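For reference, the structures are reproduced in the following blocks.
In the two complexes below, subunit A is the common chain; its partner is subunit B in one and subunit C in the other.
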Partner chain A sequence: MKKNKNIVKTEKSAWLFMLPAAIIYLSVIVIPVFYSLYISLFKWNGIGEMTFVGLDNYLNLFSGDATFRTAIINNLIWIVLTIVVTMTVSLGFAVILNKQFRGRTFFRGFFYFPCVIAPIAVAIIWRWIYNPNMGFINQFFEAIGIDFSQQWISNPDTSLYAVFIAALWQAIGQPMILFLAGLQAISPDVLEAATIDGASGVKRFFYITIPLLKDTFVIVIATLITAALKVYDVVQGLTGGGPNDATQMLSTYMYSQVFQYNNVGYGTAVACIMVIMMMVVIVPYVSFTAKED
Partner chain B sequence: MKAKKITALALASLMAASTVLAGCGGSGGGSGSGGSGSGATEVTFWTLNTRQEAVDPIVEEFNSQNEDIQVTVSYYDTDGIKDACKVAASSDTLPNMWFNWGGSLGSFYVDNGLTYDLTSYAEENNWSEKFNSNALDLCTFDEKVSGYPTSYNILGIYYRKDIFEQYGLEVPTTFEEFEQVCATLKENGITPISTAGLNGWHVMRFLELLIEYYAGAEQHDAMNTFDESWDNDAVAQAFEKYKEFVDKGYFPEGFLTQDPNDTLIAVANGDCAMDVQGQWYDGNIIQNEQDINNYGVFAFPSGGSNRMSSFAEMTQFNANNTEEELDACVAFMDFYYSQENADQYSEYYNLPLPTADPEMPEDQPNVPIMLEMGETNGTFTITDQALPTEVADVLFNCQDAVANGQMDPADAGADIQAAIESYNANNG
Partner chain C sequence: MEGKTKKIAKKIALYVILILLAVIWVVPMFTLVATAIKSQSDFYSGIGLFELPDNIAWDNFINAITQGRLLTYMKNDLIVSCLKVPLGIFVEALAAFALTRLKVKHKTGIFVFFLIGMMLPMQTALVPINVIYSKLGLLNTYFGLFYVYIGFGISFGILILRGFFNGIPKDIDEAAYIDGCNKWQLFYKIILPVAKPAIATLVITDFLSTWNEYLLASVIINDNTMKTVPVGIMTFVGEHGTDYGYLCAGVLLSVIPVLIVYLIFQRHFVEGMAGAVKS
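Here is the complex of A and B:
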């Protein structure tokens, strides 16, 4: 009986300790999220009177908004590129940097370094790298005698991929560190046993290392998809969504609608669709992987 | 176990939602002004970071001279301040005073009751005698004085005199001569016009001159006030000519995504010969330690009286300011825009001051020329202040699409007109 009393006491005090955090969480996360859903059902300039329009904002987005369609397609391309390229490259770096070699600590810092730069600074750096007249890339091709001068970010055919490469330069650091932590958690005994059993390096990687990194993959893929859907700074800084919407993303379009055109309800509807897209991908993925466990 | 999993999933979902939605749903704070424990009136001021080197010492001096007022300043870049003010407006956190432009950019705050109505204050303090009437008019919306005029700007073509001399070029007086100048420069490996399309507005400065040339003053003004459709031959011809200039390489390679704040680099290093800029460019040239004597100005030969585009800048005051705060704001503005400070930090001002009898800056030779040309030739409101932002953005997209060959120049006017109709339908 005495023990049970203590448990009850502990629970009450736990609730009390949680209260400040709960108030903050409710006021800056939960309430704004539901308030945003509410706003998306209105026509509102952010200041004046709100006019209830039901699902009109959503219907207009899907029925006749070409920029919105472009933004969705660009975001989907960005997600695919992120999963295929960013994850593969960061895993590759993590595997290399997990090996014992001289200067390993330096290279870990070196490849992680872009991750700590503000995305807007990344955009400025890469705008100069891509400059058609004095940028590094075109100058490099010229220096080695190859006539391959391109308008990397001004050409709508290449701009999205050019912006992605700038983002990739910065984005590999975070998943690389997660993979590195995952790789270090794998017991050397398991790999040694596989080696004794005659498994080659490639087989060890695909049949031992990858399956043992499953938990890391769950986190990396979920965070990469979230980041890919809300990518903003580097796009805004490099191209502002242009040229002619070629790099328009849902986040940049939402920002324009809410904060530049004062179409707060319409822009918030874009944000809600971004959330739904995240849910559609992430919740079944996390749920499926959790079930397997 | 199952409950734990459901809770974890719910929390993960909420976190995902919060990464996107939490920024949209915040609501009101205070007016951004504040009292002070020391009894001084504290006022906040948002302005452009290009002026920081002048504003920092001016604020410091003002605060030390006025113990009863404390000014705190924040800086933003050209496009950043537009966004920051919009965000602050929707969350009721505008500062006590903020830099703004006239036209559609400034009128948003007036239309939504966010700016202090200065009409009676202006009357009591004889602003009509104090300020240039054009500048004061551009700060007046619906007959309400809604801003403290800080500059009146005229845009023309800045050119490198030494490059023109090197190739025996004269300042063009007709559009045909202008095209000939461009052709000669290009033949000699000089890109005629320095421009940069990131955010659209710098390229727009040239396009609006072409529209003025093909449409003429009357039609151009009517289009800007939405009294006439943009879907017309003049707009089509202007976009066709713009496309022709792009194809001939009259703008720098890859200009569409270059930063408009960097256009001086190409002119300064001689890669380009001309740039559409306002009279403040003299200050920029001096700030960047270039020889101002190498730069001249002329009005683009757009036909008729060769009208030039113009716009005003002002400081708007928060509608929630108390009388004390308003007095503090105006006192600071009077100090900031005093002739003494303007002389001391001339390159950080868009001189001359918009006063009734302005003094011309001695070390900026093109300023009086531009002002006089504006007076003689007449002016029209710069396009991104004449049009609402969402319509101007469609025009910017058309600039990109036409330049990249994604759009027929003849279709641009229809797209802009559709945006105007959509804007009117939403705001009618």
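Here is the complex of A and C:
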């Protein structure tokens, strides 16, 4: 009897404990998402009358908007690049920094450092590195006597990759730390046993280390994909989506539609498509995380 | 003997790779410093990036602070961060406490509900928040900014704190209740102090992500006297896009507070982040 009474009591106070977080979360995240869905069904310039247009914004986006198509493709390229390049490079760094050597702590801190700088500052710094006349890269090629001067970010053929390299400088820190944590969790006995059985270093890495890092890979891939879908600061600061939409992302396109062209309904529809794309990643990831519990 | 030589060769190879990578990684910071110390007239005379100027252009730094309003931006950013971080962590810890130590129906469901926000793009909130804020007069206010930041930080905070709270033995609760603690006292006097390492990690990561946030701040703040550092240095680019020395001095100065925080708490970053993820 007494125990039952306790359960009821506890539940009430539990709601009180969760209340502040719930109120803020609902008002900042949940309600705005639904409000955005609502706005995306209207033609609206942000100030005047809202005209209901149903799904027209979405239909227009998918049927005739070349910039939108470019943005989606760029986001997909960005996802592939982060999975292939960012993940490989950060795993490589983690493997090196997991070895025993003097100065290990220093190097870990050193390679993680770009992570703590504001992405917008990173963009400004790299804008300067890519400067065709005075920037580091072209000056470096000139100094070593190679004629390889490029326009880098103002050339539509190279700009997306140039922006990606700038982002990469900062982006490896987080996955590197995750991989380091994963590597440290692997018991040395397992690797030793494999060595005794005659497995070479490369074999040990691919047949033992990588499979044991499965959980880490799931977290890293999920965070990299969501970050790739959201990427904004570094693009906005370096190119603003240009030249000629060559680096246009869903995020930059959404921003320019809403805040530069005042197509608020239309731009919000882009934001809603971002949410839907994100859900495709989140739902399996969250169900995986919840199952782990 | 042969094994030893091989070991040394391996070590040397490791250091060569590391130093090579470190040199590549330092390029952006090198560029920033090498540019910030040069004056406009140095650039007109066609000075190379790798050459030292005759005189270090301290004026760039002074101008960035005085004309560039850099101190105002830093003050604003500091106020917003110092409000957001403790309040956010407190709210997250309360919820994480309920989700781990109290009886709650659909625990996992509520946790997942809170988790989803971590991955939603801020873009979805931009227009609604802009509309609501302009109605409530919250644009260009500290409250408007840090309130949204708390909202977007809740998912990650609950994820980390819930993980850590779960690792604290449940026996502690029993003992505390027997000693006459109520739930609030258990939370405030026992669980929070025990969770210090997780909170320390959260304080640092939270502080940096708040300090560095650009998108929401650029929409909520457009008054020059209220801008945070990231929005402020973008204003720099707009106003002085061609004065590279001045621009780089501003960016360099904006990085220095972060660098100091990082150097003091470096251990927490690498070890703490890893620990937070493991739990």
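In the analysis below, the second predicted complex is superposed on the first by the 280 of 293 C-alpha atoms of A that agree within 3 Å, B and C clash if a C-alpha of one lies under 4 Å from a C-alpha of the other, contacts with A are read in each partner's own complex, and residues count from 1 in each chain.
In this section, contacts are C-beta pairs under 8 Å (C-beta built on N, C-alpha and C of every residue); 3 or more make two chains touch, one makes a residue touch a chain.
Values in this document were obtained by computation on a predicted structure and should not be read as measured data.
When both complexes are superposed on subunit A, subunit B and subunit C occupy overlapping space and clash. Contacts of A:Ser256 after superposition on the shared chain: subunit B is touched, whereas subunit C is not. Once chain A of one complex is fitted onto chain A of the other, the partner contacts of A:Gly242 are limited to subunit B, with no touch recorded for subunit C.
In the superposition on chain A, A:Val33 makes contact with both subunit B and subunit C. Touch criterion met: A:Val116 reaches subunit C, while subunit B stays clear of it.
Looking at the shared chain after the overlay, A:Ile282 reaches both subunit B and subunit C.
Of the two partners subunit B and subunit C, it is C that touches the larger number of subunit A residues.
Of the two partner chains placed by the overlay, subunit B and subunit C both lie in contact with A:Gly267. Judged by the touch definition given at the top, the superposed model places A:Thr226 against both subunit B and subunit C.
When the two complexes are overlaid on their common chain A, residue A:Val202 makes contact with neither subunit B nor subunit C. Only one of the stretches 99-107, 135-143 or 189-197 belonging to subunit C overlaps subunit B in the superposed arrangement, and that stretch is 135-143. Comparing which residues of subunit A touch subunit B with which touch subunit C, the overlap comprises 28-33, 35-36, 39, 127, 131, 226, 229-230, 251, 254-255, 258-259, 264, 267-268, 271-272, 274-275, 278, 282, 286, 290. For subunit B in complex with subunit A, the touching residues are 5, 8-9, 12-14, 16-27, 82-83, 86-87, 89-90, 108, 112-114, 197-200, 252-259, 266, 271, 388-390, 393, 396-398, 400-401, 403-404, 406-407, 426. Against subunit A, the residues of subunit C that register as touching in their complex are 11, 14-15, 17-18, 21-22, 25, 27-32, 35, 43, 48-50, 91-92, 94-95, 97-99, 102-105, 108, 110-112, 114-117, 119-129, 131, 147-148, 150-152, 154-155, 158, 183, 187, 208, 211-212, 214-215, 219, 229-230, 233-234, 237, 244, 247-248, 251, 254-255, 258-259, 261-262, 266-267, 269-270, 273-275, 277-278. Remark: subunit A residues 7, 10-11, 13-15, 17-18, 20-22, 24-25, 27-33, 35-36, 39, 93, 96, 99, 101, 105, 107-114, 116-122, 124-129, 131, 134-136, 139, 143, 169, 177-178, 180-181, 184-185, 219, 226, 229-230, 232-233, 236-237, 250-251, 254-255, 258-259, 264, 267-268, 270-272, 274-275, 278, 281-282, 285-286, 289-290, 293 touch subunit C in the complex. Listed in rising order, the residues of subunit A touching subunit B in the complex are 28-39, 43, 45-48, 127, 130-133, 149, 151-156, 159, 222, 226, 229-230, 238-240, 242-245, 251, 254-256, 258-264, 267-268, 271-272, 274-275, 278-279, 282-283, 286-287, 290.
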